[in-house]
Amino acid sequence: MIENILINGLIHGGVYALLAIGFSLIFGVARIVNIAHTAFYMIAAYFIYTFSTRMGLHPLLAILLSVVIVTLIGMGVYQLSIKPIQEHEITVLIITIAVAMVFQETVLLIYGGHFRGNPGLLTGFLEIFGVRVSYQHLLTLIVVLFVLLITWWILLRTRLGIAIRATAQDREVANLMGMNVHRIAMITMAIAVMMAAIGGVLIAPLSVVEPYMWLHPLVMVLAIVVLGGLGSIKGSLIGAFILGFTETLVVFLLPLGAFLKGAFSLMIMIVVLLLRPEGLFGVAFEEER
Amino acid sequence: MLLEVHHLSVCYDTAMILNDLSLSVGEQELVSVAGPNGAGKTTMLRAISGLVRWEKEILRGSRYGDITIEGRVHFSGERIDQLPAHEIAERGLLLCPERRRPFREMTVIENLMAGAYLLKDKEAIKEHLLTVFRLFPVLKERSRQVSGTLSGGEQQMLAIGRALMSRPKLLCIDEPSTGLAPLLRKEVFQKISEVRDSGIPVLLVEQEVSTVFKMANRNYVLSSGKIIAEGTAQELLQDEVLRKTYLGL
Amino acid sequence: MPVLFSFRKIRLFLSKEIFILPSRIIAFFFCLGLLVLPLLIKDPYLLRIIILSSIFAIFAASWDLLSGYTGQMNFGHALFFGVAAYTSAILNLRLGLPPWITIPIGALAAVVAGLIIGIPCLRLRGPYLALATLAFPIILMGIVFTIPGITGGELGVSGIKPLARSRILAYYVCVILMMGLGLVMWKIGDSKTGIIFHAIREDEVAVRASGINTTRYKLLAFSLSGFFAGISGGLYTHFIRIAGPSTLEVSLSFQAIIWAIFGGVVTIYGPITGVFLLYPLMEFLRIIPEIRTLLFALIVIVILLFMPEGLTTWIRDRMEEECPRCKVRNVAWRKACRVCFADLGKRSSEGGEHGV
Amino acid sequence: MRGWGRIFGSVIVLLFIFFGSISIAQDIKIGVAGPMAFIQGQHHWFGAEYAVEEINARGGVLVGGKRLPIKLIKIDTNEILNVPDAASAVERAITRDKVDFLVGGFRTEAVFAMQDVAMDYKKIFMGCGAAHPELCARVAKDYNKYKYWFRVTPINSMFLAKVDFILLGMVGKIMGMELGIPKPKVAIFAEKAVWADPIVAAAKENIPKMGMEIAGEWRPSATATDVTAELSAINASGAHIIFTTISGPMGIPYAKKWGELKIPAASVGINVEAQKKGFWEATGGLGNYDTTMNTYARVEITSVTIPFYDKFTAKAGEFPTYNAGTNDAIRILVNAIEKAGTLDADKLVPELERTDFYGAAGRIVFTKDHDVTWGPNFVTATGTQWQDGKLMCVWPVNWEGITYKGAVKYKIPPWVVEKWKKK
C-alpha cells in the first residue's frame, strides 16, 4: 500500500510537475496564461499513438519524433497567434483557449472520439513486498525524474536558465540586464512545450488517449501553479507533488470517494490561497509591477 | 560627452512627464539629478535606458492610451533612442532600477550571474565577480542566500553589483537611498563614489541632495519634467529660491 | 392632444438620444428587429436560436459586469448559471412552483453563491483570482455527483415545466428580459457604482486610499453579476427543461469569456453582440457539422488577431470618438463635441497641453 | 388591418408547415441523432444505413400503394459536449430538414432534452442508446404527450443489472466447480455515476444471497484514467472475482492494468469499452479474458444477427454496440408504416405498440410504457468474453433453456487458475 502510494504519487506528481513547470515558465516569461498548454500534451499522446501503434515505428524513434514535432508546433503557435497580440493579456487567453479547441477538433476529425490506448515499452510487473508494480510505471517514474533533473539543471546552472528565471521574475529588469525578452520567451515556449510533450508521450501508455484528455490535467496544472505561487518554479514543482500525492491518497484511503480527487485537490488550493493569497512561494503582489 | 540627451519629451497619453529635457554625462563623471517627487526623474532614466519604449510597445493599442517619445539620446556617439532596452544594455549603458528589484527568488550569486548575462567569457565573469566582491564584501558572505531575504541595504548593494557585473560604460542609478537608514545611506553613497573612482561614470538620481551634491561633479535640478538648474553643489546651494522650493533644504 | 405630444416626445427622444450616435442607431434597430421578428417569421427553430442567444447574452453580459468592469477575472462563471439552474429546476420539480417564481429564487441562490465565493476570493488578485474561481464549479460538480438523490447525478434534473406555453411567448419573455437586463447592466456600468468598478480595476490601492470600501464594491459586483447570470441560468433550465452537470462545465465558463472578449469587454453591449454573432454562427456552421467547432475556433482566432480589443470596441473606435473634455461620445467625423462644443480636431502633442 | 394581415400570414405559414411535411413527401426522412464525431454516433449512423440500404434496395417502403424510398438525415447532436446543442440540432432537423421520424440518442441528459423537443412536434422517436428507466416511465405518466417515444436498445437499466448478476453468478459457479472455491469473494468495481448506483446497491444485497462474499467496494470517477491504486487494493483484498460496472474510458486502463499486473481475480460485469473492436488494440492484448455484458454477439440470436454483425463489422470496422440498434429500430418503424399504410404518427403509435419483430438483438416486443421487453425468448442481451483476440459469446449458455448457436464456454483467466488452483 505505502509503496503503491509512493510510486503512484511520484508518477502523478512528476507528470504534473512537467506540465506545471512549463506552464509557470511561460506565464512568468511572457505573462501568458496558456490554456492550450495541456493541449500540447494531448497532441503529443496522439503523435506517439500514430507513430508507434499505427505506423509501427520503433518506440524510441516515435517518442523522439513526437516530441520534436510538438515542440515545433508550439513555437509556430507562439509566433503566429500569441506574439502579435501579446500585450492584450486577456485576449491572448481567449486565443489560447481557441488554439486548444483547434487542436481538440483537429484530433477529433482525424481520429474520432474513440478511446485509444498505446502499448508500453515494457510489459510485466515487479513484486515489491507483495505489491505489484508494472515495469512501465517504473520506467515512467525514472524518465520523469530524469527529465525533471535535467530541467532543474538547465534552469539552475546554465546561462540560459538564469536568463529564463530572471525574466520570469522581473521582465523589465531582465531587459535592463541585456536579455532579449522576446527571444527568451520563444525559447521558453519551446522548452515548456517540449516538457508537456514528454509528459504526453509518457502518459499515453498508462492512460487513455482521447481528444478531451487535456481538460483534467489543465485544471490540475492551474491549481498547482496557483498553489505554488504563479511564476515560481520551485512552487510549481512542490505544488505538483503535493497535489499528485493528494490525488493518490484520496484514491487509496477513501475508496468510496475516489471520484472526488479533483474536487479535493482544488479545495486544498483554495485553503492555501485563503491563508496565503500569493500561493506558497509566490511574491506578494504589492512588490510586483 | 559619453551620454547626451537632446530635447527629450515623453507623454503618457495626454500627461506630459518630460518636457524638452537636455543633459549630458562625461567620461569619469558622477552626475546627479535631483528634484521633488513627480518631477519625472525615474521616467527620464527609463526613457534613456529604453524602458519607456518597451512599455510603449507593450501598451500599444490598449485602453491605457499611447505613449509618445520625442527627442534624441546619444551614447558614445551613437544614437540609441530607437534601440530596444536590451541592445542599449549591450552597448554598455546599464540602469540600476528604482526599488532595487533583485530577482527575489534567486540567490545572490545567481543575481550576479544574471547581471553578467552579456558576457560569454567565463574568465571575464570570474574576474568581474571578484571585483564586485571586493567592492561589496557583504555579497560574498551572503552569496548563497536567496536575495528576497536580504536587508534593504544589502539588496541595494546587490542591485549595484549586478549592474556592475557586465562592466558597463555608464551606470545609471535610480534613488538608491529609498527606505534605508541614514547610516546605510552613507555607506551606499560611499560605494557609489568608489564606483566612479574605479573609472565607471555614474548618472545618479536622488532626492537626498545634501550628500549627493557634494560628491557629484555636476548636478541638475529637475522639476515638472524640465531642467531648471545646472551646476556644481556650491553654485546651486547658493541659490536661495532653489534651495527652499525645489531641494527642501 | 396628449397622443401627439407623446409622439413628439418620442421623436425628440429618438433624435436627441438615439440617432446621435451610430452605435445607438444600430442597437435601436437591433432591438426593434428582434421585437417585430416573430410577427414576420414563425420558424420555431429560428426563434429557438434567438431565445438561446438572448439567454446566453445575459450570461455573457453578467460576466462583463464582474470581470470586465471591476477586473475581477472570473473563470468559473458557470457556477452562477449552474446554481441557479439547479435551484430553479429542483424548486419547480419538488414544490411545483411556476417559472416566474423559481427563476428569481434561483437567481438569489446564485447571489448567495456569489457571496460565498466572493468573500474568500477578495484577497486574491489577478490571475490568482481567475484560477481560484475556476475551481468552484468543479468542486460543486463533485458535490452534485455525491448527492445524486437530489441532483440526479450525471443525468441531471428533468421533467421541468416549460418557460411558457408557446414558443413565441417564450421568445418575448427571453428577448425582452435580455434587453431590459442588458439596459440595467449598462446603466449600472455608467452609474457612480460603475465608475468605482472601473477605478477598482485600474488601481485598487488608490481607490481604497480615497476612502472607498473596495471590499463592499467587489462583493456588490459579485452579487450583481451572480444575480444576472442566475436569471439566465433559470431561463435556460425552463427552456431546455433539464438542469444537468453541463451547466457547470468548464467549457461553459470559457464560452462566456470567449463571447465577452470577442464582443469587447467593459461595454455590456459587446458581450451581447458577441453572443448574437457567435451563437447563430455556431448554428449556421451545422451545414458542415464535422468541422463546425474547428471553424468556430479559427474564426475567433483570426478576428481577435485583427481586433484584439474585441469586435464592438474596434468598430466603435472607428465610428465614434470620446470628447477629451466632457468624456461624451461623438461621431468620429464631428468637428466639435455635441455637448460641450470642445474642439475635436486631431490631437497633437501640444493638443494634450491645451486640454490641461 | 394589421391584425388581419398577421392572421393571414400565420395561416399561410401554418398551411405551409402542414402540407410541407405531409403531402409533398417524395421520400421518408428519418433523422439519425447522435454524437457523430464519436463512436456512439457512428454506430447509430452505420446501423441505420445498413437497414436503409436493404429497404431501399427492395424498392422502399410501401405506403398506400406507393413505394417511397427512405432518406437518412444525419443529426450531429454533439451531445457529449453540449446539451442545448443536441436539442437545437433535433429541432433544426424537424423544422428545416423536415424529418418524419427520429432514431438514436445517447447521453441521458441530452436525450431528455431531445425527447421533449420531439414530443412537442409529435415525432416518433425510437431511442437507441440511453438506458434510463425514466425515459419510458414518462410514457406511463403522460401517455398523450410521450406516446411517440419507444426504446429499442439497450434494455432498461433494471434488466441490465439483472443480466449483470446472471453473468456474475455464472462465473462464480464455474469458479466454484473448476477451482473448488466454495464461497468466492467479489470486489465491486463501479464507476461513480448515477446509472451505476442501483447496480452497486443491488450487488451489495444480492451477492451474499448468491452464495458469495463481498471483498469490498471501489468507486473511481467515471473519467478516471489510472486505476492502479484501486486494483492494488483489490489485489490485497484477496478477491476472486471483480464485478465491473464501467461505461467510460476508464475501461481501457482498467483492463490493461488488470492484465498487466495479472490481478488474480476474474473480471466480469459491464465494461462498455470491452464491447468494441478497438479494445484489443487499445489494451495491447492485455484485456484478454475480460468479460462484459453486450447487446449483440456473433451468434445466432435470430437468423438475421450474424449477417448483420458481419456486414456491420465490415462496414464500420467495429463490432456493433447497442447504439447500432438503429438498424432494428428503422425496420420496426418500416413494418409499422407498411401495416398502417400511413406516415401519420398518431396512427403509427398503436401499430408500433403491436410490434412483434425478430431483429438482430432478438425478438422485440414493446411493453406498456414503450420499453423493449426483456426475458427468455425476447431480447436477452448477451455476455461476451475476449478470448485471444476474439470477442466470444459466453452467455446465454443453458440459461432458461436457451443457448445461442455459436456461443462458447466461459474461460477463467489462466493466472487466476494458477493462483487459486493449489488451494
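Residue numbering begins at 1 within each chain, and the chains themselves are lettered A, B, C and D in the order written.
Convention: contacts are C-beta pairs under 8 Å (C-beta built on N, C-alpha and C of every residue); 3 or more make two chains touch, one makes a residue touch a chain.
In this text the structure is predicted, and so the values were computed from the model without any measurement.
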| query | Looking at the contacts, which chains touch chain A and chain D alike? | reply | C
| message | Which chain is most central here if centres come from C-alpha coordinates alone? | response | A
| Result of counting contacting C-beta pairs for A-C and C-D, higher pair | A-C
| task | Averaged over CA atoms, how far is the centre of chain B from the centre of chain D? Could you give it in whole Å? | result | 74
| Taking each chain's centre as the mean of its CA atoms, how far is chain A from chain B in angstrom? | 40
| When the centre of a chain is set as the mean of its C-alpha atoms, what distance in Å lies between chain A and chain C? | 33
| task | Note the residues in chain D that touch 2 or more other chains, in rising order. | result | 37, 192, 222
| task | Among the residues of chain C, pick out those that touch two or more other chains and give their numbers. | result | 145, 290, 293, 308-309
| said: Quick check: what residues of chain A touch more than one other chain, meaning two or more? | reply: 88, 109, 259-260, 262
| note | chain A contacts chain C in the complex at 27, 33, 35, 81, 84-85, 88, 90-91, 93-95, 97-99, 101-102, 104-106, 109, 215, 219, 222-223, 225-226, 230, 259-260, 262-264, 266-267, 269-270, 273-274, 277-279, 282, 285
| message | So in the complex, the part of chain A that touches chain B is made up of which residues? | response | 86-88, 159, 162-163, 165-166, 169-170, 172-181, 232-234, 281, 283, 287
| Which residues, counting only chain B, touch chain A once they are in their complex? | 49-51, 54, 57-62, 84-86, 89-90, 94-95, 97, 101, 103-106, 110, 113-115, 117-118, 120, 148, 162-163, 166
| query | Where on chain A does chain D make contact in their complex? | reply | 1, 4-5, 8, 12, 53, 108-109, 112-120, 123-125, 130-132, 134, 136-137, 206-208, 210, 213, 216, 248, 251-252, 255-262
| In the complex with chain C, residue positions of chain D that touch it | 6, 9-10, 13, 36-37, 74, 76, 78, 81-85, 87-89, 91-92, 94-96, 108-109, 112-113, 116, 132, 134, 138, 192-195, 197, 222
